[in-house]
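Letters A, B, C and D mark the chains as written, and numbering starts fresh at 1 in each.
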Amino acid sequence: MSEPLKITARAELDEANENRQQSESASWLRRIRNVWRGIAGSFSSTVRADLSSANDIRLLREQMQACLDARGGEVSARARAALLGETYLGLDDAGRRRFLQLMASGFEIDRKTVDAAIEVYHNAGPEDRLKAEARLRRSLQPKHMKLLMQFNALPQGVKFLVDMRSDIIRLTEDDPFLLGLGNDLRELLSSWFDIGFLELQRISWDHPAALLEKLIAYEAVHAFRGWDDLKNRLESDRRCFAFFHPRMPQEPLIFVQVALVNGMSDDVSVLLDESLPVGAAEEADTAIFYSISNAQSGLAGISFGGFLIKRVVDLLHAEFPGLKTFATLSPLPGFRRWLSRSVADGSYVIPDDAVQGIRSLHEATETKNRAAALDAILDDPRWTEDDNVKRVLEPVLKAAAAHYLAREKRSDGRRARDPVAHFHLTNGARIERLNWLGDSSSNGLRQAAGLMVNYLYDLEKIEENHEAYSFTGDTALSSGVKRLL
Amino acid sequence: MSEPLKITARAELDEANENRQQSESASWLRRIRNVWRGIAGSFSSTVRADLSSANDIRLLREQMQACLDARGGEVSARARAALLGETYLGLDDAGRRRFLQLMASGFEIDRKTVDAAIEVYHNAGPEDRLKAEARLRRSLQPKHMKLLMQFNALPQGVKFLVDMRSDIIRLTEDDPFLLGLGNDLRELLSSWFDIGFLELQRISWDHPAALLEKLIAYEAVHAFRGWDDLKNRLESDRRCFAFFHPRMPQEPLIFVQVALVNGMSDDVSVLLDESLPVGAAEEADTAIFYSISNAQSGLAGISFGGFLIKRVVDLLHAEFPGLKTFATLSPLPGFRRWLSRSVADGSYVIPDDAVQGIRSLHEATETKNRAAALDAILDDPRWTEDDNVKRVLEPVLKAAAAHYLAREKRSDGRRARDPVAHFHLTNGARIERLNWLGDSSSNGLRQAAGLMVNYLYDLEKIEENHEAYSFTGDTALSSGVKRLL
Amino acid sequence: MSEPLKITARAELDEANENRQQSESASWLRRIRNVWRGIAGSFSSTVRADLSSANDIRLLREQMQACLDARGGEVSARARAALLGETYLGLDDAGRRRFLQLMASGFEIDRKTVDAAIEVYHNAGPEDRLKAEARLRRSLQPKHMKLLMQFNALPQGVKFLVDMRSDIIRLTEDDPFLLGLGNDLRELLSSWFDIGFLELQRISWDHPAALLEKLIAYEAVHAFRGWDDLKNRLESDRRCFAFFHPRMPQEPLIFVQVALVNGMSDDVSVLLDESLPVGAAEEADTAIFYSISNAQSGLAGISFGGFLIKRVVDLLHAEFPGLKTFATLSPLPGFRRWLSRSVADGSYVIPDDAVQGIRSLHEATETKNRAAALDAILDDPRWTEDDNVKRVLEPVLKAAAAHYLAREKRSDGRRARDPVAHFHLTNGARIERLNWLGDSSSNGLRQAAGLMVNYLYDLEKIEENHEAYSFTGDTALSSGVKRLL
Amino acid sequence: MSEPLKITARAELDEANENRQQSESASWLRRIRNVWRGIAGSFSSTVRADLSSANDIRLLREQMQACLDARGGEVSARARAALLGETYLGLDDAGRRRFLQLMASGFEIDRKTVDAAIEVYHNAGPEDRLKAEARLRRSLQPKHMKLLMQFNALPQGVKFLVDMRSDIIRLTEDDPFLLGLGNDLRELLSSWFDIGFLELQRISWDHPAALLEKLIAYEAVHAFRGWDDLKNRLESDRRCFAFFHPRMPQEPLIFVQVALVNGMSDDVSVLLDESLPVGAAEEADTAIFYSISNAQSGLAGISFGGFLIKRVVDLLHAEFPGLKTFATLSPLPGFRRWLSRSVADGSYVIPDDAVQGIRSLHEATETKNRAAALDAILDDPRWTEDDNVKRVLEPVLKAAAAHYLAREKRSDGRRARDPVAHFHLTNGARIERLNWLGDSSSNGLRQAAGLMVNYLYDLEKIEENHEAYSFTGDTALSSGVKRLL
């Protein structure tokens, strides 16, 4: 289970959506132009796609200013902002970068106003204090915030802003102004995508194909092999849930896939096997969360995953009272990279006697060599067919993985190095079990030598686990995992 | 047409809603308590309705702090906030005031953090400037903002916050902290109720009775006389439109009533007469906006009216291409009060010869006396039956009303004194015509001696009118109204 | 609880509906005419409303024939039938009678074809028998059946036919042809309104006002006093269910009103009292069916009531497992009429000693006189204020009512004379209890001297009761009612 | 374009549906059993799947009789019928055949009752005639009709009956009783599927995947190559419309695929090419109906196609006023079969000089030989790569095809031999153009040597064409096609 977004696979879909969005937007803007004549007149519609003309930039700046001044009234300002948005959608990456830079650096806060407000703040008596604070706060509000909000007037304004944030992230590089604009936009989206606004929906085979194809495009953990695979994962012994925003009803924000099974799954290929018969959901005792994917790169840094899992646990609990265990079957995306590096630099040591059965490892006593020897074995998927190698490696790799998940921290010494582990530990889960060859796909072998892990959501312990992990970094472990350490 | 809210008439409905809300909320919270055990345990459920116990206050403060610290994780913090919200709903006005004061004054910004941030801001070099600004802005964010947002987790969280703002407005008096809390909440709601989120819906007789009864409760201009009156105002020659928020789907935010007629209406009683036959909408040449009412007192200061009127004009234009004129039939709510006062203090002078026909007025040459004599006539509705009085008063009052609407400004010298006039002038409308005895209901006589006014929305001139009015206070007038001046 | 339909009160609504229907129909037919030019050309659109012109009749007959011949193809025949339907809607009662008579007598079966088919039938060998039967059956099919079916092409075709049947019932008098046409139409509707097609819906205050006003118009047992009364009967301790046909989604076919209470209700005025607080539905142990009304007079003779009650029992059972008793609180619509007549002709005898306490009755020993004396008392509602009269009459009237319900049969000696009793007994209910002054409204006193009755639906006994009643006329009685006999 | 149903491809889907139907049905029946206890008791639930036990048959017959007698009341009879239906769904083909035979032959009409009714009919005077006719008609109604109707009580009763008719058609062979039962059922379905009940819906990519996969399964003309092909055929320059019945909302009855293009299409492979860009629907001048498929084999003989095409023409006309031409691009499914046979038996003669360019044909002067030679060429798809062969064959085959479509009739001398031609000619279309190599898929070559035909729907001429074709068999031809003859 991993949070990073799948950018490449959905490029095509995004393009299609943008086309549709542009055409809808266009028809709406035509109406704006017809009804509220004169607004569009002042802005050239023949902007170059790369915004390379100084004149275009000058006109753009004027239009932005007109929006901020609400010239012609609020309604006109919105119409103007919509036209600006339309212009933006017509730009290529170079043009968008220039557009964003203009917004980011051309409409900042006014230092003099801030200094004056600080002055007032310092001199305020008790009765004026609140006012002075509010004034200072207002003076620090960048002007482009208002502009960002005005883009909401576009027919698909929320999606527009989410996609604009995605652009900013992609185009920022080291530009501090773009970074600042991106942070301001995140703040705005963070408020608009407050969890209280989101709708949790079960997604089934009865949903529109236009929505379902987005699951295929956005799935980040176990890519769909086609529509039959999709249908299999929406059968009666599965559940798929997603959060939606009321203003983006056809766009899942994040979605999770659950299998209703008996006993805690240890092999994801079983879950993905279309040829197996559909199970009896009513008789299941375990819900396995086997994939969770963020769908909107423009919402990076705004977290829904914890809410999604816990609300889904609630819903499943209500629908299937027979469920006793809620657990994930998750990848360890950084395990092999960490293992290579740590064995090489000696920060993690594999005991000599543990690898006696494999000559190349046993003989490579120097750390560097051992790392190379290990990579040599694991880089060739055929090791999974060699019983001897498997027998030797299983305890070695499971011990290393347990160490990796439970002990390896980021620089703050508190957060787990593995992003998926960090996600579930933050949610209060426990590291329950390591599954040998739980994902023997080429991706699974490359990332984690085929290992998968179950995180257990024990409703009685979630809060306690969360507190321990959040404040001290202490990680909840099953006795089995403890033994591996 | 008036913006002020009708508070009294809907008290009953609000109560019913609150009951329903509480019961839904209760069932949801029961589930929270069952599933996420232990959260509720720490907070006494036997709080006194007036929050008079110091112990209750102490517990409350702890709970609020726990929400802000996100103890047990974000999900738990939300559940906790929901329980706090439930507590709030169970309080009486005294208790709510204490609850709000605790939020307002107990979770302010930290002066030291602000001072440190100012220090950093002053010393920041060009490359650190943006960061320093962001840090200072963050330090100025009152902590209760986070708490307010967390209440959104309640099943009807948005409505909860709107109603909480309504409480704050009602209970503030001169408490600067409550005022500050109210302003912070307005800022939050202002973002959440951005016009881009609102849905414009036509309301018809095919809508749920549960929604329609809210129109009856919220109508602020011409009160409904019952369901037959309501049905009449939703017939095929009428239109009623309202804005809704996706999270308050059963609650209109603001609604407007339109009659499709031939020629510009001059008498509202004709529009409200249920016995008249339904007109042929397709043949109408004029759309008369005869009532616009805000429905949520908690959204005071967040303006939707301009958007509503212009989008409705758009829609009507598309549905009925035969419509040539878009105008209102509006009240002058402050006219008589202004007239009495201004004649009394001599700031407005009625020419002697104009009132020759009415002895009591003609003889009362001193301003004070003339004002009293005028009031004496107008306070008794029977003057409308006296042809002589009517003949004399018509030109006098129409001239005075024209002056009142077009010339009388608030202290800034720019905004019209009459609130309805200010609303439509800001939207770019023109003062088109004064209608003698356009509203001879007792309310119409008391407020404006029966006068009504048409504001004309001329699509070609809206922007220009708006600009003129906004920047210089210049008011667009028809030639007829100019003549009256 | 009574089945007869309330014709008068909804005249107004029907008219409105017809108007709307006509206008929709008109726009659709305009399109037909435009697209399928030439169809309408052959039929004069200036038919007189009373169809008094022989020429109009001739043209009508030709058009009907063209529909039956499917001239120009099936689609054109449907368009033609729709135009005929439009013509029908424009006729007055005299015109409709002539239109119907033309259909009824002008397009009968062909005797010669029948005779030939009988000949074939008689001579058919075993292998041809089925074909011969089918041929004979087809030959007996009146041609107007096809025409009736073609009217289904009207935009609201099903409602059109239901209303046409209502017209036929109203206009038939003794015309055997109209009677035959009515029967043929009932047969068609009986198939189209098969219970399997109907949708059971709960109706609540969240339903469209346009639907709710139909409840007001159609309620046949306890008339609504207005919208507040309606809202009261849709509160959370009430249920209202109706059957709908998918092609008449805004038209209830039959609806039942249920109160969720504790103990079996004995007084309908308590159920209708808007001032009483709303009860707690979850704690109720009894569901009282206190009103059931057919809404479409054109569906007379097609019975949904039994299905409605049993499916509602099912639904309530599932929603409120605490419900133990399902019973009605029903009127005895024919009781007083029967009592007067039966006492007068001596077929029912009130024992002398039973009426000792009331002189006028005691002295009127002759049956005729006693009936007159009894009527004299009961015709004046003030008897309900006289404790002595009440004390004497209670046992007398309850015994008579028990006899009336349980023993009085129609001419077949099997079916209960009281229509409401027959309805519930057919459904398998038991006569449970007589309620003294259960309905002291003027209507209740006039029909049944204020008596009401509870019919009990005991799920364990329904089938048995039904069988007994259906085959032998045996009536299920509680021990209390038995004692009264 | 062909009407015959595609049976094989959807076997899998049907099975899945039946499974789902059974499980829903099961849960409903469980409830029936629980609530209306005792009903199920009398019928063994352990029937053998092939109904081979005489005892099972006896019990079945009793249950059927109980349904007809409505023992225990109508509601119970329906519940019983539902249980019978459940039993049916559990049977294999052998069992179903026995079940159907029992219904078909065990519950026929009663000859004595018929004879008595005929007696009465013969003796009836004018006043009794209608009654006697009705009585005779009733006596001829087979009892199983009532039983069929009662199955409508199943949760998916309508679909159940449609599928049962499909079974009957499949299992009938020469059994006259089953044939009779099938005809009776068709009569019932014919009334229930009256065109007035059907809903025309546009189907788009926004429809549920569960519905769209049915298009894939049911498409009978140009099979879908997968979901991408499907999406391509639902793009913005395409339209797909289907009729639905309100009680089978997820089951299309018949659907048509339309391409919006410029100029009349002559090659179906262009329409099916996913790689071509999406066209601009607004600029199209021609609507090409390139596929129409019946979806329910149980509705064979109940025709919707004519209505579908004409209503779709209406809709497209309204949406795209620029459309000038409505035409099909249709297959000639029986052309090659007819050609081989007719050339062989000499009923169609290919002139010698026309085939000079191809030696094998030219030399085969005897009809039989020429037919063989022609088949030899056309059976090998490579002839389409031989320019000489193509040049010679084009005029020969087009002339033959024109003759085949326009002149070849079925035995009645009126109906076109080609089923697709008959369908469109009945609808009033004109044979417009033959398209050489319009379908060079293997199927297109096998059926019609790659020829396709455009049928033109000229709204001005539809009625006239229909009348001519229906009454005299005269076929409307374009001048181009006339020239080919």
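Heads up, the rule we're going with is that a residue touches a chain if its C-beta (ideal position, glycine included) is under 8 Å from a C-beta of that chain, and two chains touch if they have at least 3 such contacts.
Please read all numbers here as calculations on a predicted model, not as lab measurements.
**Student:** Going by C-alpha centroids, which chain is farthest from chain C? Tell me that one.
**Tutor:** With centres defined by C-alpha atoms, farthest from chain C sits A.
**Student:** Can you compute the centre-to-centre distance for chain B and chain C, using the mean CA position of each chain? Integer Å is fine.
**Tutor:** Computed value for the inter-centroid distance: 50 Å.
**Student:** Distance-wise, how many Å sit between the C-alpha centres of chain A and chain C, to the nearest whole number?
**Tutor:** 61
**Student:** Could you work out how far the Cα centre of chain C sits from that of chain D, in whole Å?
**Tutor:** So the centre of chain C lies 40 Å away from the centre of chain D.
**Student:** Where in chain B do residues touch two or more of the other chains?
**Tutor:** Expected reply: no residues.
**Student:** Quick check of your reading of the touch definition: is the inter-chain graph here a line, ring, star, complete or other?
**Tutor:** ring
**Student:** In their shared complex, at which residues does chain B touch chain A?
**Tutor:** Per the stated touch rule, the residues are 31, 35-39, 71-76, 78, 109, 114, 118, 121, 127, 130, 133-134, 136-137, 140-141, 149, 152-154, 157-158, 176-177, 179-180, 183, 188, 191-192, 194-197, 246-247, 303, 306-307, 310, 313-314, 317, 426-428, 459-460, 462-463, 466-467, 470.
**Student:** Show which residues of chain B lie in contact with chain C when the two form their complex.
**Tutor:** Residue list for chain B touching chain C: 205-210, 212, 226-227, 231.
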